[in-house]
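Heads up, the next two complexes both have chain A, just with different partners, chain B and then chain C.
Right, the complex of A and B next:
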């Protein structure tokens, strides 16, 4: 048998599994988003009704708003702090040791980090204890139960866990930089900020783009952290669309509506992924 | 000279400043370790920052293991080892076919496989749940393993395709001239060459499976099937029935395997994870 025919046998297991387990559900979810499927009665096609509900029903404004907050802050902070860590430790002695310690939270699963921060942010938790010790007792509160503190608290917990990977990306970028321009600028007396904004950031721009796109791809669809810490509550106040989708689908059994939410998330995801893949795949093919 | 001393002073200040920042940064881990070693009464009444020496943690480990975490750990080990191995093997064959057998429309086939990871996981949940119930594989180890194999294939194919693009063609051609079959080429030439990338992808995918919460929640229900993160999250929602130090101990136990993998892989990790985080992200 010719190589090209044999190839189909080699690729078959992967293609069959991916089609059945991943691609079929994608198509089916897309179809279901146009129906009023509730898991019980025979579904009817209802056109774009689920989508208009998503945009016009006031009940869902909060999840959309929360998703936007998450998308912005849960990508901005991990990328920025990741860069600051990478930039600060690269010239220090024992930078490898710092790198390992800073990266440790990133090795923990989002679920485990969520459980841990559940205890830290609890009314009687570590964070309030520290605030009290430092004399800021009036600032203590129930961080996961008050609005809007709960969303920002969870973004903080998420940032703790998501920063490590960005630091790694920037370390790779910074290590590849030529030293001369930086040394020259330093000798000319360029201060920290000028150095960062005028010289270093422009030089590692590609890494900023990659890190930011990756962070965006991940931040708008965070589920685990939110589910473990608040389940989107209290009273659905900290829900994002990723949580809405799960709640509507698996607790309220509004399968049609849940599918429409999933499709909306996909549209956002595909936009971010398109730019990311374009960068990564072209870079790789040039490399070979 | 003056410039150099100035730099040295700056570095020293930076070094100690960074130590303080890093201590604050990993303080939550310290909190976890300290409080996993307390009794529930000590945790409830005491200062959360207080260190108590003793070996309460062993008692907590036994307690956590027995109230469901143990099953979760064993299940996730199974899913991670079996799911990741099979996925990497299938991906290896697929990448071999695409690159080394020069399939027609190879890029198209690759993108078909890869398209599985472009969509957010929410797109899979409902139809998978439905189909799993219909085919009787909901809440079975087979069902979860099957899903983990499928979800790990796209990224593994992505990395292994990259690997196959770098292998010199002379090797393959020489083997062909001597009459080797494609299977022999895979087994005798490619597998040994690919040891490092295979190991890397295996461990990255093991980590992904170990850390997954969502699909464990959707596709399993009983203690004997659900993975470790789902068991942990379940414990958290039973808070006040299970005491805080036990849950913290469980969190620690659920985090150790992935921490070990990171320490093991460290050097290769950067490249692997920067690629993998797209797949790993949730």
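Right, the complex of A and C next:
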């Protein structure tokens, strides 16, 4: 009994912290989404007004569209490129050096990376300078100002940062693979793409599931990179729902409405993750 | 267990000791670059002690101040005038400073006109920390090189632009970096044609679909079409790269329309005030109209629920004095709020003298003059025009929809 009490004592700080900085804010945000909280006056309960505004206001079509673009591309590229790097690096001498090199961007904060890419993608930035040197001067532009190049440029910057962590996930998966099935496949004549798609990928599918799910959730809620590079502009052209939430909450101080956007973002993320996991894990079971 | 208890008691001791030695007047501001100057000026006040807290990020600053006003607010904080402070006033969360103003107005030390920027229903809720005007910065080296005169009429202005463009330079820099600067040229084109209409528009008595707005957008578009203005993609105040400020210092861009608070940033890019850059106020389209200039006032307010409100009021009494005003002008080159203090030197001093001597109409900046909800949405809408100047008709309709949405609820 004494041991049990001691156990509670040891986990208490973690439980208190989680309650204070996760559970309480979630409950509070959910409550606020039904109010007209403006951060100044005592809030009034306004029912589902914030949610109906979110669903019926046409100015949110573009942020929703941008969020979908981000979710698709910022999930696909970091995971795919991360896998390709992980797979290729195994065959390189001094692979540790390349692992570190590719992982370094993941250690930079998103805000710092945003500032860095702000300079790179500027009219007089490094990217345009490279294009000019290569003879593609007609392609130069302000990559963060032109629409829709700004959104895709930011996704590229995000991919640069997010690839490293995916590569590490796949490296762990690849290093843990049993050698026998691959050797058997090679004896049977499998090589190149056949080996990758028919043998390796199915074997490390759990790692793909984890990497894809994390990438999906992260890309769905990405905010800092966008805010630092374009603030969702120009003219809200690169705004995603996460930026909309921030803008409504901390620029217009419509905290009730911002909470409704936050709740919807979280709900969509949770529902999407649930069905994704269900689908993939069911396939896994069938496969097994 | 004894050790844990000792640590806990120690922590509590430190916590409460810290509270007991906290400064008497807490002052929050979002002008991190001014921190040393705030410290310097408040050190002159022997009656009060201060804890001056800078916020590097304006959004964080706003959220912190707003959330604190009911519970544990700072005694003093900087803010924005006009509609930007209205909701705080309406909520009763900021102190009425009318008695302080009366003292200084009765003594003939401050102008009652200055109080108007912070007045609601005849009561004044702030004192000024910043007084700025919005003139055109021009590059004197390029003017001398091309033999140009400072324009006094609209025709001379456009003639100068033609010559500057012919020399391979961009006559006017503009930027929409950070969203908010989109309104700068919108308000300027409106007041150059019809300042009364501008004041009606920001108060909801006129419409964004009216011909006056279309004329403003068409003038703006024609300047962009002629290559007199750049595309707005440059960053604002960096002293390196392709920023508007740096292009101005290099002479690639010859004019910028910015508040006088930008002067030190311009000089910071390596171009000397007075010798290499100066100010002029844009001429009106119709030369017979009263000259006008955009005016901006930044307030300091007292939180109504502040713990040391009396100390805060005493601190602002010091702030309004000739001594503090003169020092602030010396440090910041802002026009003084106390009439007994000397005008600043340099280009700002000349500009303020011109505005006073020639009886300029001082018009409140769009950012403060129109309701915040409209303004914040409008800058993004106006930015659409900068990105695609042919979209002005859609932008006008969009702006009016934003305005209708707000005014219909008032």
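The criterion applied here is as follows: the second predicted complex is superposed on the first by the 238 of 288 C-alpha atoms of A that agree within 3 Å, B and C clash if a C-alpha of one lies under 4 Å from a C-alpha of the other, contacts with A are read in each partner's own complex, and residues count from 1 in each chain.
Following the convention adopted for this analysis, a residue touches a chain if its C-beta (ideal position, glycine included) is under 8 Å from a C-beta of that chain, and two chains touch if they have at least 3 such contacts.
Quick caveat: nothing in here was measured; it's all calculated off a predicted structure.
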* Pick one for A:22: touches chain B only (first), chain C only (second), both, or neither. => first
* **Contacts of A:129 with chain B and chain C, given as first, second, both or neither** => first
* For A:149, is the partner it touches chain B (first), chain C (second), both, or none of the two (neither)? -> neither
* Asked: Which of the two partners, first being chain B and second being chain C, lies in contact with A:221: first, second, both, or neither?
  -> first
* Asked: Which of the two partners, first being chain B and second being chain C, lies in contact with A:8: first, second, both, or neither?
  -> first
* Asked: When the two structures are overlaid on chain A, which partner does A:104 contact: first (chain B), second (chain C), both, or neither?
  -> first
* To do: In the overlay, answer first, second, both or neither for which of chain B and chain C A:119 touches.
  => both
* To do: Quick one: classify A:250 as touching chain B (first), chain C (second), both or neither.
  => both
* Classify the contacts of A:36 with the two partner chains as first (chain B alone), second (chain C alone), both, or neither. => neither
* Intersection of the chain A residues that touch chain B with those that touch chain C -> 119, 124, 231, 250
* In the complex of these two chains, what residues of chain B are touching chain A? -> 3, 7, 11, 14-15, 18, 21-22, 25-26, 28-29, 31-32, 35, 44, 47-49, 90-91, 93-94, 96-98, 101-104, 109, 112-113, 115-116, 118-129, 131, 146-147, 149-151, 153-154, 157, 162, 165-166, 182, 210-211, 213-214, 218, 229, 232-233, 235-237, 239, 244, 247-248, 250-251, 254-255, 258-259, 261-263, 266, 269-271, 273-275, 277-278, 281-282
* Over in the complex, which chain A residues touch chain C? Could you list them? => 38-41, 119, 122-124, 142, 145, 147, 231, 233-237, 250-253
* In the complex formed with chain B, which residues of chain A make contact? -> 3-4, 6-11, 13-15, 17-26, 28-30, 32, 88-89, 91-94, 98, 100-105, 107-112, 114-120, 124-126, 129-130, 133, 160, 165, 168-169, 171-172, 186-187, 210, 214, 217-218, 221-224, 227-228, 231, 242, 245-246, 249-250, 255, 258-259, 261-263, 265-266, 269-270, 273, 276-277, 280, 284, 288
* Asked: Touching chain A in the complex: which residues of chain C?
  -> 59, 62-63, 66-67, 69-70, 87-88, 91, 93, 176, 178-179, 231-235, 241-242, 372-373, 376, 380-381, 383-384, 386-387
